[in-house]
Amino acid sequence: MAGMNMISAAQRFHAYANPARFMALSARLLMPLAALTALLTGAGLWFALAASPPDYQQGETVRIMYVHVPSAWLAMMGYGVMAVASAVALIFRHPLADVCAKSAAPIGAAFTFLALLTGSLWGAPMWGTWWEWGDARLVSMLVLFFLYLGYMALWATIEEPVRAARAAAVLALVGSINLPVIRYSVVWWNTLHQPASVFRMDGPTIAPSMLLPLGLMGAGFTLLFVTLLLVRMRAEILRRRVRNLRLAQAGGAGEV
Amino acid sequence: MAEFFHMGGYALFVWPAYGAALLVAVALIWQSIADYRAQARLVETLEKAAGGRVRRAAHRQSGEDPS
Amino acid sequence: MTRAFFALLARDLRLAVRLGGGGGMAVFFFLVVISLLPFGIGPDRELLAKVAPGMLWVALLLAALLTLDRLFQADYEDGSLDLLTMGLLPLELIVVAKALGHWLTTGLPLVVAAPLLGLMLNLPGEAYPPLILAMLAGTPALSFLGAIGAALTVGVRRGGLLASLLVMPFYVPVLIFGVGAADAATGGFAGEAGRQSLLLLGAVALASLVLGPLGGAAALRANLR
Amino acid sequence: MTISELSLSVRDLACERGGRLVFEGLSFSLRGGEALVLTGSNGAGKSSLLRQLAGLLDVAQGVMAFEGGDPELSLGEQAHYVGHLDALKPSMTVMETVSFWRTYLGSIPEGADTALEALGLAHLADLPAAYLSAGQRRRLSLARLIAVPRPVWLLDEPTVALDAASVARLVALMTSHLGQGGMIVAATHLDLGLAEARQLRLGAEALT
Amino acid sequence: MTISELSLSVRDLACERGGRLVFEGLSFSLRGGEALVLTGSNGAGKSSLLRQLAGLLDVAQGVMAFEGGDPELSLGEQAHYVGHLDALKPSMTVMETVSFWRTYLGSIPEGADTALEALGLAHLADLPAAYLSAGQRRRLSLARLIAVPRPVWLLDEPTVALDAASVARLVALMTSHLGQGGMIVAATHLDLGLAEARQLRLGAEALT
Amino acid sequence: MTRAFFALLARDLRLAVRLGGGGGMAVFFFLVVISLLPFGIGPDRELLAKVAPGMLWVALLLAALLTLDRLFQADYEDGSLDLLTMGLLPLELIVVAKALGHWLTTGLPLVVAAPLLGLMLNLPGEAYPPLILAMLAGTPALSFLGAIGAALTVGVRRGGLLASLLVMPFYVPVLIFGVGAADAATGGFAGEAGRQSLLLLGAVALASLVLGPLGGAAALRANLR
């Protein structure tokens, strides 16, 4: 009968974070978030494109870094958010958790795509190749992209939201072993790609003139991620309400 | 200005990177908002079409307070 | 409990053989894929030898992928899976029995057939031992990781393709290390690199033996209610 | 099968399928030797309730307590479930099918013949399931009930496709199971003719 | 549907399945407005006979002659067959299913609602078939009978899974079809309660 | 009759899209296969470019093969195929509708995606036009020839693998001429050889448009009684 206790515990949990409260809260947050996103990204772009010096080695191509690196960070963070939300959804059956995981996927996939694309655009002048199959970081990043696509495909294919949520959560968790592989690929394998220079144990090793635009863009992208996540979660909650309304109209649920 | 767009000879790499980022961001933002609006419209029409009884049921089942 | 486990395994093997879906079919498929590839690449023997281990591995992967939907889908569709979960065997062990059955009817026969196909592809002699060792280590991983994908898509009608897609990212490491182990031997710089790939492959295989049943059982639980 | 006094009590059960509430506030209790017949129009939730009892469908709300059986096992692990699907493999013969379920569900494989005889399938023992008619398939599914002793039987329209003689046989088997202290929950649209069965009518008010 | 006087005559029919003779020397004849109810124990060959009439199973021996319909079409092309399988696609809604069969079998897609209403499915029109209960699925299969007018109905245990109200509805539909000069061959283990139906008992001597 | 034909085609397309088994899925599979291959062969870029057209074709074939069982098996298993044959549409046209639906949801999207994948495999620019032309001619042949194999194995449970095996020999000419058309352009000796391959491919495609429906209908007739 452990299952029974579980359910009532979960239901108690629902009371604290129900979708209605989320809708009210997120509605108030959206505008300020959007404004802040625009501000930070705008400033970041100014520094990235105009107010920062070219690299002494890489020349002007270094400017690609200001989109590439934040995209790569968010690609990974997106999956991280998805994985954590999935764990919460599986363990606590929190109704917002799987909405959050589902909504994070397309955003994360978009950033992954951007990281791959800008990386290729950077690689062409720097490494003399668009793509390198032998490089663990590039390959694990591509795998991440496939994981995102598979995750979204799974959601799209299973019709019942409850079932889809649980299956997708299992996939997200199993796939999360790829994250450390991406992060440490540069350490474990001998790669073309350079090792971490910002988030290191011993502090960043990057010039402050580059750190500023990178930081601004990173913050801007993160805020963009959060804002979009909120919008998509709201849309998802509405989608479920539409579904319930349709089903209720089809009859059956009439006897509530 | 021309020098700015020239990007030290790497314009072909730098601008597409920023262009793609812009494109992806705009597409994502546009799609998210359009989806939200579409769902909101649907909820409105469905709720108008349905009686109060059904609306209560739907709220109940999406775990919301009937507000 | 062990009796139930072996009863399930025996049933799956029997069904595979009866349906003609057993070893013979997998090997035949493998053979056809391998013989299609030269048409695609052209008859250049050097080129063929160079890409042979990779081709063998890719064909192996595809054969495994193609048969994934045999794992749970049939049992789900006719209601057997419901009854299997109502027995005393834990869901994790059900997944193990199924994955093991899958390996015995697809992976193992392919490993046995691989040398023959290497011959067709002009693979040099010294590449065989590491290739076969790598296959022995890698093919169970294909079945056990595959079980997760199959479990995730159980109940999704025509989920076969979807299962392949979900599983492919997980197959990538197996492929890389598997080819690495064989390539190292062919490329002459045997010893270290090859041994390392083999060890990594072993690690992946061991991890999959744990991850497969756990993930598979979790996915089944999610899908069957 | 030594059954002490069994009892099943269900309180305030609710069932949700595809986001819709099928029923709620369902309560009943049942003791060993008793049968509960579920009736109700199509879509009332009979099959859903049986799947919940078998542990094959999530319980949206409510409590199910089963006592008197093996305390280490869940209700589903002590029950037989015979649903709309017959769980037969076309290429396995009648005998192989029953033997497999005997071994898998925890009995020795020998003695499967008595189950076949009880359902009038003995002469078909070596036929693959693919060659059976609808009623013969149904009887093969039902043979599990006899092949492996389990105290609770959950039957979803068990008489579908059975001819009159087979229905009578099934009713006799059910009666004898009850006589041994077993418990039966059966959904049906027909009168099974069980001597003393309690009725539970689901969703009388539901849309058909 | 303008039906002139229909007549079906079957002489000396034999059926073989999986290398075994199921029945032989079967003869009967039927005219428009008449129903033939097939009975017989499980495995007697009721389903096999219906499939032969529908053109879905080879005739081992014998002659089937159908007159009064469209001379250019085979019996199968003028008949509805409702078998054990329900031919539903889980992802298609109730309405889509009926509309598809209307268009495919040669009527215009509009007007499918009357068929749904006749089977009491109108309120489920937008639900995917995956969400239907056993009886609702059966009713959706039966909706084809109304959605597309065809003179001959071949029904294999049509009342399976139907609740009492639906059975009554089906019997009314069958009666009205007969009243319009149509023809019905139905296999069943239950009494359908059709006013004037002829009985054909298959293989009384067959092994059950 | 034409109404019935289009109703069937529309239904199949709708089902493909709903199940997520439609174009998107096929392209995704294609993408994954193409990105697996380099792992197998290793990162040598010259080698990759050399084998790229062959790889693209082999992946195309596999994607087509993998989805073959969607053609008739599902309809057989749920009883729909029985009912479809009881309509007024001749069996040959049923096969055409099914094969066409298959092409629209697998072949066509793959042709559209192929250039992108060529890019990943480092395919030289001048190879694209002949490659795409060849794919446009070749992919319908894959669907129509595949219909024969699918029809031959309908009713065989888990016949998917068997169908692949039966069909493969028929796919070989498509593969050879298809690769020929693209290779001719890459190899520099464009013009004549390429055009000839393309013509031959066209001939194969036309033949398959006739053979597929006839053979498929005959096989269905044999299998359904």
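First chain written, first letter: the chains are A, B, C, D, E and F, and each begins at residue 1.
The rule is simple: a contact is a pair of C-beta atoms (placed from the backbone, for glycine too) under 8 Å apart; a residue touches a chain by one contact, two chains touch by 3 or more.
Just so it is clear, the structure is predicted and the values come from calculations on it, not from any experiment.
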| item | value |
| --- | --- |
| Starting at chain A, fewest touch steps before arriving at chain C | 1 |
| Those chains which touch chain F and also touch chain B | A |
| Chain located farthest away, centre of chain F as origin (C-alpha) | D |
| Higher-contact pair (C-beta pairs counted), A-D versus A-B | A-B |
| Interface residue overlap between copies chain C and chain F, same or different (over half shared) | same |
| Whole-Å separation of chain centres (CA-atom averages), chain E against chain F | 38 |
| Interchain centroid distance [CA atoms averaged], chain C/chain F, Å | 25 |
| For chain C paired with chain E, centre-to-centre distance based on mean C-alpha positions, whole Å | 46 |
| Centre-of-Cα separation between chain C and chain B, whole angstrom | 41 |
| Numbers and ranges of chain D residues touching at least 2 other chains | 18-21, 43, 58, 84, 91, 207 |
| Overlap residues in chain B, where contacts from two or more other chains coincide | 57, 61 |
| In chain F, residues with contacts to at least two other chains | 19-21, 25, 28, 32, 39, 42, 157 |
| Sites on chain D touched by chain C in the complex | 54-58, 73, 76-77, 79, 81, 83-89, 91-92, 96, 100-101, 103-106, 144 |
| Residues of chain E defined as touching chain D within the complex | 17-18, 40-44, 47, 84, 120, 123, 130-136, 139, 157, 160-167, 189-190, 207-208 |
| Complex interface listing, chain A residues touching chain C | 90, 139, 143, 146-147, 149-150, 153-154, 157-158, 163, 166-167, 169-171, 173-175, 178 |
| Touch list for chain F against partner chain E, complex | 3-4, 7-8, 11, 14-15, 18-19, 77-80, 82-89, 224-225 |
| Touching residues on chain B, where the partner in the complex is chain A | 4, 7-10, 13-14, 16-18, 20-21, 24-25, 27-29, 32-33, 35-36, 39-40, 42-43, 46-47, 49-50, 53-65, 67 |
